Each structure stands twice: as C-alpha cells, then as structure tokens.
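Each of the next two complexes has chain A plus one other chain: chain B in the first, chain C in the second.
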Partner chain A sequence: MANIFKKWFDNLLKSIFKKKKDVKLGLYGPPNAGKTTLANRISLDWLGEEVGSVSNIAHETREIQIKEQITIKSGRKELTFNLVDTPGIATRIDYEDFLKAGLSKKEAKKRAKEATKGVIDAIKWLDNMDAVVVVLDSTKDPFSQVNLTIIGNLQARNIPVLIVANKIDLKKSNLKRVVDAFPQYNVIGISAKDGVNIDKFYEELFKLLD
Partner chain B sequence: MPHQCVRCGKIYEDNSKNILTGCECGSRLFFYVKKSKLKKAEEFNENLTEEEKVQIEKDIYDLIGKEIESEDKPVILDFESIAVKKPGKYELDLVQLFKGEPVVIKLQEGKYFIDLKSSLGSYSKKDFKQH
Partner chain C sequence: MLTLQFVSNEELKNLSSYAKLQKILNIVKDDKIVVLEGKLKKEEEVELIRLTMEEVDDNFRGIELQVWDSSKKERSFFENLRLKLASILVPEFNEGFTIIGPANIVKEIKKDPSKIQLVTQNSKKKKNGRK
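== the complex of A and B ==
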C-alpha cells in the first residue's frame, strides 16, 4: 500500500515538475533541409500560425526563431514544448552562391554575413536544448561533415536526438541511405511540405521528449 | 604569437605595445596568427584591396557584436574558427566552434579569452523570452 502511494506521489510530483519546466526542442541541420518548413508545419498544426519564411535560396533563416508553448496531443497524451528553429549550419558561406540565386551583390554579402553569425548563434544555443530534431535532406548524401559534426556533438552532450529525413516526396529522395548512415538513431522519413508521415513524426516526438 | 592588423596588414610581435594601444593606422582589430601560418597571412592581406580590408573590418565587428566595438579596446580574432577570405566569403571550422574554442581574444589590461558563450552574450531565460 505504501509503495502504491509513493508511486502515485512520485508521478504527481513528476507531472507538476514537467508542466513547469520549459522544454526546448531545437531543429538543427544543414541549410535548405527544411527546418523552417517543418517548424511551420508543427506550428500551423497546433497553434494555427507560422514560425518563419521559407525560400529556395539557402540561409533563409538567419536568426533563431522561437514558438513558445506548443502543445501536441496524441490520444490522451499531451506534450508541451518551446520550438526553436535555428539557422542552417555550414562550413563555407560564399556570397557568390547567392548571386547565382538572383540576389544583388549588396544583398548577397549581407546575407553571407548574417548567415555566418547565424551558424555561431545556432551552435551557441545547443546548450539550451532539451532535445533536438536533426532535419536532413533525404535527396542528399547524409555523410557530410556538417551532419556528422552536429550529430556527433549532440551525442557528446547527451542531448536526445531524432533524425528526420525530409523531402521524401521528391524523386531523388533516398530514405534508406539516411537510415543506414545513422543505424544507432531513430530515423523517420517525412515530407514537411506535404505533411507526409507527419503523424508518425508526432508519435516519435512523444518518445523523444517523454 | 604575431598579430596582424586587419585594416593595413601590418604584423606585430606578441610583446608589441601596439597590440594594446591599436595599430599605427588607427585600427584596433587584429588577427591572431600562428607562426606557421604567418606567410599565408601576409599573402592573404596582400591580395585584398583597401576597400575590401575596410569592409572585412566592418563585417567582423558586426559578427562579434557591437558591445565589443563600443568598448574601444583592441580586439584580436582567432584565425582558426572563422576565416574571412574576402568580404562575403566565410569559412567556418565547425569542430572548433562546437568545442566552444575562442572566436575572439580581447585585450584589456593584459590578455583574456572570450569564448563563444560570452563573446556574443550568454542566452539567459530572459533573452529566450524576448524572442
């Protein structure tokens, strides 16, 4: 009897503590993998509003964007977190790439500078995260220095990770290649743009943050 | 370790007074250069136009944060974490950045390091709420 009471009391304490805590869920990954598209999808689904703008030109998100107190539901379960969308992490940022995308020289150089600061900020914010969703583009080679560095560092910091292989709606997508690249991780294929497999993604979020 | 002025490219030895007071050209921004990379640093500076050097200096101040500029103290940049090849061309060493290796080394009555967390201001809960 005492044991049952203790268990009930512990659970009660746990739930009170959990509700008070600001759980921060970070979206990390290389540029143009679809982090903001996924953030918008989550925020639209549960709050009815978007987080930020998306673009075909890389480094569209150059500042940390936050949506606070998103509550997602699955059956009788509920999960509340603050969603942190981060700028894409890159090893090389060159304004000439933005010129090719149609920006003026002045705009391109400004974008390059802001994107560089964005990388520093994204890395700094990592210590604030309770869990991270690494968003990868499933049409691209997963074995990039950026991907391996991000995932390796999350592991070293003991931050729970869910890997999302995005853009599975595209012909060039290769989900198996991403799954095989990170066998020790939970990898889920989605299309953030079209909402493909998004319910499965929410289920995985419960496992990640529980 | 030698230090190179970002604006004019002049190289100063570690014990030079100019590192504390600023370069003869008036700039207070220096690159910290390892001896093994000294030649590369000299070549890098020679290949830039005056306009490009001024722009790089301005861009770096934007990157490291305005509060550092306003203090009017010499700032020394570690060449290892972020390399500015030309205005608008950056190379980032992610391994160093994730390690939290210093991006900026600032001099103020001697030397001290500013790591990633403090160089751009640490993110307290208050900052988090402001976003």
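== the complex of A and C ==
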C-alpha cells in the first residue's frame, strides 16, 4: 500500500515539474504581424540571442522556430517556458505576390511552397500549446476571418489567449479598434520593434501562464 | 463571369466534416463562389485552411473566406429565446452564412456591421450583399 502511494506521489511530482518545465507558449497570427520580431525581443531580453530573421516580405517565417527554457523575471516571480514562433496563418498564398516584392520566379515559387507547408505546420501545432499570444498588426482591420478563426479555435480548445496589438509606434495604428474587436480578451498594445510597453507585456505573460 | 453556388445545410448534414470540406473545396477549385447556409464549426474553419494549403499550386492560390455570424447581433430576450428553442428543436439550425471564394477570382471579402462586400480580382468592382 505504501509503495502504491509512493509511486502515485512520485508520478504526481514528476507531472507537476514536467508541466512547469515544458510549458509551450505559442506566437500565432497572420503573416507580417510581427510574431518573429516579438519572439526576437523576448529571446534577446532574456537569453541574449535572436529566434529568426524578419523581413517586409510576407511569410519570412516558414518553419516552426522554438527557443527552449526562456526564464523571465518580475520582482521575485520567475516564469520558464518554451517559446514557439509559428509561420503566419493565411488562406491564400500567391507566388505572384512574391514576384511583386522583387523575388525571382524560382524564389517566389519556392517561398510560396514553403509558406503553404508553414501554415499547415502552424495549424498542426495548435494542439501542443499551453498558452498562446495572438499577434495582430494594429494598423490593419482586426476583423479579418483569419484572426477570428485563430482566436475562435483557441477558445474552442480552451487554450489561454493574450492578444497583442503590435506596431503601435506606427501612425496608422488603431489600438482601440483591436480592443473593441475582442472585448472578452485581454488586449495589450506594444511595439515589438521599439520595445514600447514591453514590460507591461511581460506582466501580462505572468497572468497568462501562472 | 462570376458564378455563385448556394450550398444548403440539407446538402451537407449527412456528410462527415472532411467530406463537407472537400465538397466545398471542390466547388471553389472549379472557380465558383460558395454561399454556404450557416457556419462551419471553428475546428472545420481551420481544417478548411489546412486542406486549402495542401491544394495550393501555380493555378490554385487559395481561398477567401468570410463568415456572417448573425447570432452575434444584439437581440431582445424573446428573440434570443426563440432562436435557442429553434436550435434545440432543429439541431442543424445554424444561423448566419459563409462565403468562400477562390483567391484567383476573389480579391477580398470585406465585412462591416451592415454589409459584406466581395471585391473581385479582375474587374475590381464591388458587389454588395446587404443583410
């Protein structure tokens, strides 16, 4: 009997520590919203290294990128997670858009092919996430169907969500429009590029993952 | 020429999610715009995106999708009660509609509180569907 209890207690401890250690925080959103810029900001702030490259051409991130064991601190509190930067989710990928952005036909077709695979992988990874930061471009219409589909899916899967309205440093940014679009969610405006409001973002991460 | 194909709940109700999505995608790949009675489940929406991505090639560039969710309209207590009863009595009762079009024809589907605008690729003319 004592052995059974000990085994149960050991398993319980193991599952608690495994859970704490392996928390996966996903960055999701449409292409070019600034997911990798935010991932780089977090990783640079706490690990001193970047996650991936960023570009003005959409679908720069075409593979899942993971930074393991990022520990962030706020006062006496500490939070450790694995950061998962995902390719932007889109309903259309047209290689001609990449041609217009200056890529050669061969490069454009290759990028389009990799981007479609990236979207598929991002969707497959939804089930692995413990919590998700949805990164939206605050200069764009928040009611796009891709945004609603991503957020609706996370809600259906009971995955905790924090919405980040990125690019608030830009003139066309409209934070209120994003806040009003998702009244049931916590929305925080940041500029991942310039680090505006990033401390508030870390505070919100503690609330999301605690 | 722009072709719209209406797909009713009745047509889809006995199909599995996968068969339902394949049927929709086949119509869209035939360069037609699907006007679907009701809404897909959230899981089906994301699965439709996944299946679409598997089909993207030089000719098929993906889809444009927009859901009109009339259940989110502000209503009186009695209207809400009536709709709740309807959904209990008729399980396939599904408010709203969904527009799914091929990306090579539909440039954008814009939605605001009172209308949906379909912007096509070639003509760039707007067709308004008021609700």
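Just so it is clear, the second predicted complex is superposed on the first by the 190 of 210 C-alpha atoms of A that agree within 3 Å, B and C clash if a C-alpha of one lies under 4 Å from a C-alpha of the other, contacts with A are read in each partner's own complex, and residues count from 1 in each chain.
Throughout what follows, a contact is a pair of C-beta atoms (placed from the backbone, for glycine too) under 8 Å apart; a residue touches a chain by one contact, two chains touch by 3 or more.
Since we're looking at a predicted model, the values are computed, not measured.
Chemist: Is A:66 in contact with chain B, with chain C, with both, or with neither (first, second, both, neither)?
Modeler: In the superposition, A:66 contacts chain B only.
Chemist: Name the contact category of A:128: first (chain B only), second (chain C only), both, or neither.
Modeler: In the superposition, A:128 contacts chain B only.
Chemist: Touching A:119 in the superposition: chain B (first), chain C (second), both, neither?
Modeler: It touches chain B and chain C both.
Chemist: Per the contact definition in the header, classify A:23: touching chain B only (first), chain C only (second), both, or neither.
Modeler: Neither chain B nor chain C is touched by A:23.
Chemist: Looking at A:145, would you say it contacts chain B, chain C, both, or neither? Reply first, second, both or neither.
Modeler: In the superposition, A:145 contacts both chain B and chain C.
Chemist: Just checking: does A:92 make contact with chain B only, chain C only, both, or neither of them? Give me first, second, both or neither.
Modeler: both
Chemist: Could you look at A:103 and tell me whether it touches chain B, chain C, both or neither (first, second, both, neither)?
Modeler: Neither partner.
Chemist: Give one of first, second, both or neither to describe whether A:57 is in contact with chain B, with chain C, with both, or with none.
Modeler: In the superposition, A:57 contacts neither chain B nor chain C.
Chemist: In the superposed view, which residues of chain A touch chain B and also chain C?
Modeler: Dual-contact residues (chain A): 89-95, 109, 112, 116-117, 119-120, 123-124, 126, 145-146, 149, 153.
Chemist: Chain A touches which residues of chain B in the complex?
Modeler: Contacts found on chain B: 59, 62-63, 82, 87-95, 97-98, 103, 116-117, 120, 123, 125, 128, 131.
Chemist: Per the contact definition, I'd like the list of chain C residues that touch chain A in the complex.
Modeler: Result: residues 41-43, 45-46, 49-50, 52-54, 56, 58, 61-67, 103, 109-111 of chain C touch chain A.
Chemist: Enumerate the contact residues on chain A facing chain C in the complex.
Modeler: 89-95, 109, 112, 116-117, 119-120, 123-124, 126, 141, 143, 145-146, 148-150, 152-153, 155-156
Chemist: With touch defined as at the start, can you tell me which chain A residues reach chain B in the complex?
Modeler: My answer: residues 22, 24, 64-66, 82, 89-96, 108-109, 112-113, 116-117, 119-121, 123-128, 145-146, 149, 153.
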